[in-house]
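Once you scroll down, you'll see the structures, which are given as structure tokens.
In the two complexes that follow, chain A is the common piece, with chain B as its partner first and chain C second.
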Partner chain A sequence: MIDPRPPAATHVKRRFTWSNIGLYATVVVLSIALLFPIYLIFLIAFVPDKYTLFSGRPPLIPPTLTLANLQTGLTLSTTPFIPSMLLSLEIAFMVGGIAIGLGIPTAYGLSRLRPTVAYGLTTILFVVNMLPSITIAIPITVPFIKAGLYGSPIAIALTQELLALPITTFLLVGAFQALPRDLESQARVDGANRMRALYGNLVPLVRPALVAAFLLSWMLSWDESTFALILYNPANPTLPVEIFLAFTGRGNPDIAVAFSFIATVPVIILTIFLQKYLKGEDLAVGVRG
Partner chain B sequence: MTAKLEFERVSKRFGNRMVADDISFTVDQGEFFVILGPSGEGKSTLLRMIAGIEPVDAGTIRIDGRDVTDLAPHLRNVAMVFQNYALYPNMTVYQNIAFPLKMKFFSREEIEPKVRDVAKTLGITEILDRRVHQISGGQQQRVALARAIVRSPSIFLLDEPLSNLDARVRFGARAELKKIQRDLGQTFLFVTHDQKEAESLSDRTGVLHLGRFEQIGAFHEIYERPLSRWVGDFVGDFPMNFLPEASGDGELGFRTEWIEVGDGPYSAVVEVAERQGDVVSLLCRGPAGRRVFMTALQRPAVGETVHFRLRQSLHFAADGRLMDGGSLPSPPGPLSRGVP
Partner chain C sequence: MDGARRNSEAPRHVRDFWHRHTDQLIALIFVAPALAYVGYFAFYPALDTIVLSFQTPIHPFTTFNYEYNVGSGLYTWIGNTLWLTAGALALQFGLALGIASILSRPFRGRSIFATIAILPIGIATVVAGFTFSQIFPGTGSGYANSILEFFGFGPYYWLNSTSGALAAVVIADSWKNTALVVIILVAGYASIPQSLYQAAAIDGAGPLRRFRYVTLPGLRSFIVIALLIRGAQEVNIFQMAYIMISSYPQLLTVQIYVLYETAGGLYLASAVASVLLGIVAVFIVLVLVIGGRR
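What follows is the complex of A and B.
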């Protein structure tokens, strides 16, 4: 009898051998290369600026650590980082939510077309992503002003959706296509209408893809600065815009860097929190043949 | 009495292939009807059209006298067991069986005894709390069946439900299925390419070929009196043997069991001999170079010539249709002397 379960992950203890040394060396070099910029940001954020930004030769080992940069940023009225962060969080969750909400029906519909047609249509969705954001942002601003949405969080969320939705849809189309068609048919024969079959039977099975799609669109929004810069409310910009302004206009580069370091924290928390849903063990079972 | 299921001139086309070509037939209440045909003949499509998953191009389908042709699947009250069982992987066995009842808005208290009852009938009580990937193929088949039975549908549609089972458990599952159908007294529509299943399960069998039923009737009738050459060739452990008619018009068809080996007007040369249990199956090259399947008790040498006579045979016209009701010892034709 064929075991329908995916093979369990086996943890093989690898013994150290000299032939593996190249492999380990590569991993170490790559890790350093990728983590070094983050380390630099950490240095600028938590070391007094006389050692870093205003020193000709910044040290690699921090001579002393300080929270002064952060404190200044939080107390200074010209750098409203906390409201910006809250706004960014609000918008990011909006973008993630809308991307999932619209992505599910869109992807389901596409997955029910012939694969060649579905791929064609999904590619068309990506056309917006191929253009520089700025070329879309400007024409889109006018109807937003007319609709009275200018400067509101939902306006920024909706424009960022232009970038997020194609990716979410693409991910979810693949997930829906991978589901056996018979599962939906079975649900419908068993008494579920199309909506119930989609949301009750199929959506729970693409949960890993949903989580991935949500995370991607959330992070896309968290980082996004073009739309956020053009449509922002000067009294309360999003975090990337605030960091940008602090860096360029207001002359608080060390504070800006401190907050870009802080900006990674929600991403890490969210990723850790949602990671357990990314496992796909439920996906491939229950259907034989 | 109105028929349980009625097809009236139903047609369905996939591209330029007709999977249902103007099909009309009826199935009676309580009948076990088997749709038999080679793979890829559109047997499953027929079931899917009844279930409402596949739209019909033309014609009318009625269940209990009600026109369901354009009705959504969830409003038809039919149960279907798919070939791959299509168990909901995110649910437990219990939840799977309870699902159709939940969709009918039964309360939790009403569902529980029904599910336990069906589980008991099918002997799957111990696995109710398991996930579907934790149970064996045979158990999955039972769960799929339980999910169909639990809701008392007006008709059961089964799409090769036994084909994914090991040969060892298949026989038991077949017998059990027949018993369940008898006990329920319900109408079963069963699709298979396995004639053994048609033989042992069906009250009537319909042989599907090129979008049409070539023949509908009791299985033994189809076996003994195939209405066309194609049916004779398709049905049977051995395909029916055909020799050109003496008159040169049409063909003589005969089953392997209708051959008496030893003496007679026909002769053939043994090409392959294979022992299967008590008997030896022979593939021979007969008159006019036609293949003839025979069985013998002794294993003849390959290349040996065997002589045989026919206890009965059927006549098929040149277009493949059965011409008469068969005949007892058919007259030896001149061809029989032309041993290759």
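What follows is the complex of A and C.
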């Protein structure tokens, strides 16, 4: 069969030309600018704070290295680190779990609905993603207080889920649509009901997308701080809220330094892993119309 | 199961409707839990905010909350928020167009650069805000001034003027979020057929004219949608601004938080939150109208 695509206009020139040098110069300058703040997170974590937070002209190259900042930040009894980290972990796993649990049936349903209906429902999820968190967070405190859930991990998880569910659903809809329709009919003919066909036959085939959706939701929750700030339990805030409070007046900047560093390491690894799943089509559903 | 359905007392037209649309109705049942969830946790609170904005503890309906906020400078907060949004969109669009055009061509090290470009998405907003507050602190120190001094300039007091403070937040936010625009524009680049470029090259169009007459028209809808989505998220910018500049200059989101934290400020906060919701609604409607037209 003839490849319908035009001949690849993409053969790599190995020679250095002036336009290549311009390209590489731009890439290097942009890379330095993009990496600089991440470098600072590490620098501020491992350099004595008289050279960073409390310096009139902080040096860009570390004069000496220390573990004292992390030690101070992690051992202060006023803001215990371990409970905050455990809470952030607990909430992030809840958000990831709910995203998968609710995302699978939603995405499956959307992939089976007529395009016009599916588009309308997708639009609703898309709008949810754009609503201002702080506008939603304030009134939602009232039912949570009534239900005795204010400040509980599940309350924070259920609100953060608003950010995770739409992107999870868009990712999974794509995965379900990519499966051949016959697979499901085949399973149904063999006597499986719709639930068995979905969970027994289809879900195992979209496992990579499920993993990606879970991790992306996990990361959104790990980083989220607006809902967590409005709904937090003062006795035990999440990590981002601790960083926020430590830096906006109620605490010690060393806490912000140490917590920032520790919160950042897992997401750098996750982002590198997840980058191929971050697709423009999923972020801009409107474009597909 | 089947027998029970046949013997059920349901009126004939209901049964007929069910039989004709079984597949679609079952698909709807699968979607229903998610719809109930977003209805209760997103749309109901959003409407509740608007209701609360017209109430006080003693008045069932009043416009007092709006009048009070207008008196405290609501229009300035809106103005600052819109300036910040415009600045951030301009910077992010320019950077993203450059980065996406670099990523849409093959070169050695491309995948490493793609990873570097996307990394800031993973950094938590509060961490980014904290880090940039060390780059642009309220005093004449900070890493931005260390760099300026290295080149023989400065020091510059970034946060001493409204425009300087907004610019600092625009730079911080663009560092974190430009990658979202890049991702959308890269998808746009991928949607432009290579044959168009070849045809244009055969007709003698140079790189600039190919960009003007092939790339830009091909990307147009992606650019518009990316800017509108980012615009809606930009007016929501909160922690980054609060950590870096606190209440100077005042932004809508920061004022909502400050009012909410004040005793009895729930209703006043709801009024500002409703204004914010209104601005976001404009962006949403534009996305749907423009996105739906294609």
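The rule is short, and it goes like this: the second predicted complex is superposed on the first by the 237 of 289 C-alpha atoms of A that agree within 3 Å, B and C clash if a C-alpha of one lies under 4 Å from a C-alpha of the other, contacts with A are read in each partner's own complex, and residues count from 1 in each chain.
Everything below uses one rule, namely that a residue touches a chain if its C-beta (ideal position, glycine included) is under 8 Å from a C-beta of that chain, and two chains touch if they have at least 3 such contacts.
Worth saying up front: this structure is predicted, and the values here are computed from it rather than measured.
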{"item": "Contacts of A:L205 with chain B and chain C, given as first, second, both or neither", "value": "first"}
{"item": "First (chain B), second (chain C), both or neither touched by A:G151", "value": "neither"}
{"item": "Chain touching more of chain A, residue-wise (chain B, chain C)", "value": "C"}
{"item": "Partner chain(s) touched by A:L34 [first = chain B, second = chain C, both, neither]", "value": "second"}
{"item": "Chain B versus chain C as contact partner of A:V189, first or second or both or neither", "value": "first"}
{"item": "First (chain B), second (chain C), both or neither touched by A:P180", "value": "first"}
{"item": "Set intersection of chain A contacts, chain C complex versus chain B complex", "value": "194, 283-289"}
{"item": "Residues of chain A that touch chain B when the two form their complex", "value": "1-2, 4-5, 180, 182-183, 185-194, 196, 201, 204-205, 282-289"}
{"item": "Touching residues on chain C, where the partner in the complex is chain A", "value": "23-24, 26-31, 33-35, 37-38, 41-43, 45-46, 48-49, 52, 95, 98-99, 102, 105-109, 113-135, 139-143, 145-147, 149-150, 175, 180, 183-188, 193-195, 197-198, 221-222, 225-226, 228-229, 232-233, 235-236, 238-239, 242-243, 246, 253, 256-257, 260, 266, 269-270, 273-274, 276-277, 280, 283-284, 287-288, 290-294"}
{"item": "Of chain A, residues touching chain C in the complex", "value": "6, 8-12, 20, 23-24, 26-27, 30-31, 33-35, 37-38, 40-41, 44, 52-53, 55-60, 102-103, 105-106, 108-110, 112-114, 117, 121, 123-128, 130-140, 142, 158-159, 161-162, 165, 169, 194, 219, 222-223, 225-226, 229-230, 240, 243-244, 247-248, 256, 260, 263-264, 267-268, 270-272, 275, 278-281, 283-289"}
{"item": "Partner chain A, residues of chain B touching it in the complex", "value": "48, 51-53, 72-74, 76, 78-80, 82-90, 99-100, 103-104, 132-133, 136-137, 140, 147, 151, 164, 166"}
